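In what comes next, chain A is part of two complexes: it sits with chain B in the first one and with chain C in the second one.
Moving on to the complex of A and B:
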């Protein structure tokens, strides 16, 4: 049989590649970035058990293992299109068209922007860009930054910037508009923060999550939330202030913030300036599923998974023959879940080539994803499991409809 | 405030158009050109989608703004299969 092709050398793609190669099949992994590891590369944090999760090291381990099992990896190679004809998938890159009977999409996630006046000035970047500059390229994005958007990702990256000796003046909300919506609403943000309170060394947030079980208390919590924020790793987290403008002559010089009501409306006359030489925008993550879309996969919008997700089952099979998905393309979760999903996708591919010998292992690996999910330190949405269930229901409906046609 | 950098479409323009016509994301794109620039909507897609969904209901079973190949920039000669760049 032909070589299995995997698009994406992140944790999902690499772990799938290792699984497949260990079972004796040839694998080619294609990635557009210059280093293997995907979004794992930038990650750096301390887990509750005191271990450090160092993305660069984890990526290197996966890469070394892949190479030693005989996986071929082609970097700096963007895939611009995929197309099926006569049971074969064509994978288009700038210089070559690759073909395979088994194609895995492990393209990860992308960041959603939060438009704010002044966001086109040089010095404004996504929070993930600041993470990659700092942790992967070891270049400071600036001396003093403001992070706009309060969520798991931005607080994790704020701490990483701090570790690198970069001053973070504040993490605060964007001014509410039709794009920023929930990201600009203090109550919504507070709600989403409560379930990540275990990550916060701040007593206030920890205490908050215990106290604020009902809406009334939450509303009180946000009403009395200190206007100057609570500090986490010495960085003020401001839920009652929002950035109304990023200012600067030819590059970022600072941001104007204003106090907001519990529902996110600007209180006039409260504007003040914070000096900064860079601004990070943290609008959250969504599954990067362009290739599944051009291939013609059906899609569903599942809020809990971060947006539009290609329809797939728990074996990581899409409805299209020979096309598989794994990692953040199936919903936004942490790197460990992506690794587990890669194993399942790998086994599903092997299983379809050896007449079903992997059934037992495959079922175990599906359970392993669930266990990893339950133990996950980083959770991007509190109801990710409900989201997975929704998708499973859509899958069942899809096949019922196909059968009855 | 610019939303679509490639086609220089502002937030005001998008909100006004969405209000006036009760646009779906696709219609909003076609009316304003937001999302039709050389980045293929990679920067502004989400924003255009959100603005349109402020006035219309989301169909959860359909991607609202279609993806078209090539999804990454590629030179014309490569795309056309011509062997040289001259």
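Moving on to the complex of A and C:
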């Protein structure tokens, strides 16, 4: 049997590789980045038990374990295309075309942009870019920043910037337009923030989240939300102001913000400038799934999973023979869930090569994903389980339709 | 190199002694061995990596992990190289991109 190929050396890809190698199969992991770990590399937060989740150490541990179990890892190798012919998957890279009967896509997630005037100026970057510069490369993205977009990722990264001694002047909303939609609407943002309120050191947010179970109270909450925001880690979170424009001659010099109504409309005449030398755009994550698309996987848009997701089942199998998925390509969740999914994908691949000897382990691993999900400290979408159920229903419908044809 | 975060309250201290030199638009700079070209440029205070091919407006890094291609530069004569995915090497010759002739656009402006 040929070498299993995994695209993506993040938490899902590496944990799948370890699982497969431990079962005696050869594995090649390909990733275009210069370090293994994927998005896990940048993560840094304190868990409720007081331990720090250090993405660099976690990535190193996974990498070391993979290498010691005999996994081959090729970094700095972008994959431009995948193609199936006669039951064999061809994986195209710049130097070589690799072939395999079992291909796992663990390509992770990308950040959605929030195009606002001035966003192409040097010094404007995605919030994930600032995270990687700060924690992985240890270069300050700037001295004083403004984060545009209020969500789980941006609040976590704001805290990481503070830790590294970088001043964050404010976290605020983008001005509402066709593209920014929900992320510019204070009510929608408040709704999503209620689900991370357990992370908030601010009593206002914690208390508020308990009170705001119904729509009327939420609207009241927005109306009475202090104009200058509430402070989280000493950073003002502004839900009543929005960035109208990022300004600067040849690079970022600051942002213009204005007061907005509870429904997100700008109140004219309230514009003011905040000086900053960098701006982070936080539009949220979506599954990075182009390779599944060129392969011909059916896709479904599942809001709870963060966007378009290639159809797959709980064993991480796609509808295409020999093609598997794991990690954020299957929906936006934390690294621990991705690691669990990697184990399942790995076992599913082994199971298909040894005549089904892994059935019991495979079922246990599927339960383990569920347990990891239940215990997750950071949840990107509160209804991720409902999203997973929707996808399972699409899967069942797909095979019913195939049988009836 | 004051832009570097040498000490961090949680993460390990970084080693800033192992350096290499490279050029960007014919000027010489120092970088830490094996860091990304994007990080090396930012640590040297360089934010503009190129000018847009059509509009000539300045551009810098955006996603920092290879997705957006905003940080494309020319490295040792090879065009379109993503600075964020390129480990710096001793003696690397890096140049930014400039505005190009866009005759198609001119043609439209004159014929609409």
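Methods note: the second predicted complex is superposed on the first by the 405 of 405 C-alpha atoms of A that agree within 3 Å, B and C clash if a C-alpha of one lies under 4 Å from a C-alpha of the other, contacts with A are read in each partner's own complex, and residues count from 1 in each chain.
Assume a residue touches a chain if its C-beta (ideal position, glycine included) is under 8 Å from a C-beta of that chain, and two chains touch if they have at least 3 such contacts.
What you are looking at is a predicted structure, and each value in this text was computed from that prediction instead of being measured.
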Which of chain B and chain C A:120 touches, first, second, both or neither: both
Touched partner set for A:308, first chain B, second chain C, both or neither: first
Contacts of A:300 with chain B and chain C, given as first, second, both or neither: first
Touched partner set for A:129, first chain B, second chain C, both or neither: second
Partner chain in contact with A:94 - chain B first, chain C second, else both or neither: first
Chain B versus chain C as contact partner of A:243, first or second or both or neither: neither
Partner chain in contact with A:32 - chain B first, chain C second, else both or neither: both
Which of chain B and chain C A:78 touches, first, second, both or neither: both
Chain B and chain C footprints on chain A, overlapping residues: 32, 78, 110, 120
Complex contact set, residues of chain A against chain B: 32, 78-81, 83, 92, 94-95, 110, 112-113, 115-117, 119-120, 177-179, 181, 283, 286, 290-291, 293-294, 298-302, 308, 394
Touching residues (chain side chain C, partner chain A) in the complex: 3-6, 8-11, 14, 34-36, 38-39, 42-43, 47-49, 52, 57-68, 85-87
Touching residues on chain A, where the partner in the complex is chain C: 32-34, 39, 44, 52, 54, 56, 76, 78, 110-111, 120-126, 128-130, 132-135, 137-141, 163-165, 250-251, 288
Residues of chain B defined as touching chain A within the complex: 1-3, 5, 11, 15, 42-44, 46-47, 50-51, 54, 58, 60-63, 66-72, 74-75, 78
